[in-house]
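We call the chains A, B and C, going by the order they appear; numbering starts again at 1 in every chain.
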């Protein structure tokens, strides 16, 4: 198995040298959303706390880095960690309010949605951060400002991000933190009785998750060159973030990656071939159907199902 | 402060509250009986609106008549969803239920997008333009009729729950699902009926609102969140709570529009929701949340 | 000095006085049985002791320090572990992984926690089913698992809530031997039990609760012959004194 992964990484690392520009763009899309999904996976998959407002962290991270770059001349390479930290602060607030007040399930989902929407409305209405028009990044092509002439550079950054997040999640799985998260997901009270400080562990998961997501916001901003409040804080982005790990396998290391490899090309195809004819929302319909199908038939996601298939002894 | 404006807002909000109440009652019924949170509630309502629009533009049927068709159509849809999907995950962890209904919401919203396009639509009713003066305040006849019909439907629902066998079974199941099973209630049928009736409420509400406000496929989310707000404020599973909450929230929104800018209004709504979630999740009338 | 000292413990739920002025103490190494009719407040006492509920009055001292107001995980770390009346295994995890979560309270490294968990799993007799998914176990095995998890936190005091409930006679005998063995190793036990044979044979002392109040305490024989207890609860079978 390890060999397969190393092989895959090697192939993906070499890909830009013999792939066309369009494929590289699609791969960037796949890697980036795998990264965001993996970050969400920590709190949504492993800890089992369904957050439907993770777009808020992307937005905060992106806006922070963009503003710091434009107004304070701080390079996004530094700004992205600050953006992540700011997102982590919001994550801590949401987490603390939610967990301390015992909000679970539906109530927690609603809390996260409410916060994301508040961020969106604020961003829409505060002119200092661009208001309804949003923020635009001036194109300089300067790598110091997290901008690259060549698509391939973005490819490697996105690839690195995905590997980073995956490495973090894998490390979590192998440590006490991961065991606690998985147990909390199944029965919090039992965990409390066994000496687990569930509030602290959930907070840590939330902070780590929101930090990583916030860092991703910088990539988002400097790859797309614009930040629109409705796009970057809105529910559609939150859906994009959570659907890949859920379909791929929430609470597994490979889940978000598998999910992204399945869904991102789908979204891309739908966008390319159907957006014109007003079939704008087609890929979202497919998302909805997949979500329903996963819940009904593959609640643990595609990856565990694949593992089961692979382990089945020959008939 | 222009008192007339305030009075106008109060009345307007109060009348619109009838629709909010109907919408919320549907949601709380589904939750109360089945312990399922219908994340697709707002999107179902949008389909009610579009159905009314179709009836109006294609068949010339006024929404104030057509709402019956919308209610019936959504009832059947609710039955289908319940039997086909929700029933299978009644015992699953809550996260799964949320994701399932989220999936349904996605499909509904984007199917509407594909079918009707992203631009706002509106239904023309001969009543849309009519107004009536009550002293210094004028009232949209449309809102008045909407309010009246919404109240009538809510009353009918109340009677149904209080007087009919099926209605009583629903209340029993809401109160004590296990006990209801023990005394022989066909729980499947009750669940299906509850979901159907809840959907019908929202279908009717959608039709009744269609002549008053413009709507688009993306309106679904906002309506869902408003429904949750109302139901949480009034108490999950409490019908009087949903009813009172609907009027309350509508008046509050109306006052918000009078005193604050539209964007501030949204902030207040969400802020209020967060406050309620934290400090009084059981709501005004609620039992302990499920 | 007693390991556990409870004085004037009181808990109200609305108008209902679930526990009223309870005094209780447990010496190191002792096995104390807590019995009483259904609804007497026994599990409420456990919830109060383990931090899942806060008392409305009274004091709980464990190892000399007050534990009122502490969170359940803090109390567990201090050495008081509990099981639940309706067992709560982590259904998706294996038996060993279940216990490992508990062992992690004492061993932060995964390898040591795993080793400790395996040892405890053997100790309670689940060694053969160590890799089985907890959700698929029989009730008797789930009870053992619940016990194993609590044990893995290396407690000085174990609160066992109806650990025999639902077991057949053979399973009960095995569980009695297991609990006796654990106590013999030095772990103090506070035992809620309905199975009279088990509780009478295991306990050094017994406290009887009825409607939230302590109505009797003493050795098993003293309690079994106490008229108040018989009236409250034991019934005709125990009109005769039990065998020694």
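Convention: contacts are C-beta pairs under 8 Å (C-beta built on N, C-alpha and C of every residue); 3 or more make two chains touch, one makes a residue touch a chain.
On a predicted model such as this, the values are computed, not experimentally measured, just so you know.
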Farthest chain relative to chain B (centres taken as mean CA coordinates): C
By mean Cα position, the chain sitting nearest the middle: A
Chain B-chain C separation of Cα centroids, rounded to whole Å: 49
Centroid spacing, where centroids are CA-atom means, of chain A and chain C in whole angstrom: 44
Chain A and chain B, separation of their C-alpha mean positions in angstrom: 32
Junction residues of chain C, two or more chains touched: none
Chain A, residues touching no fewer than two other chains: none
Interface residues, chain A side, partner chain C - complex: 174-176, 179-180, 182-183, 186-187, 189-198
Chain B contact footprint on chain A (complex, rising order): 48, 50, 52, 97, 101, 103-107, 109-111, 113-115, 117-118, 121-122, 124-125, 235, 239, 246, 278-282, 284-285, 287-292, 294-296, 299
In the complex, chain C residues that touch chain A: 50, 52, 71-74, 76-77, 81-82, 84, 88-93, 97, 100-102, 104-105, 108-110, 113, 149-150, 152-153
Interface residues, chain B side, partner chain A - complex: 37, 85, 88-89, 92, 94-96, 98-100, 102-111, 113-114, 117-118, 217, 221, 225, 228, 232, 261, 263, 266-267, 270-271, 273-274, 277-279, 281, 289
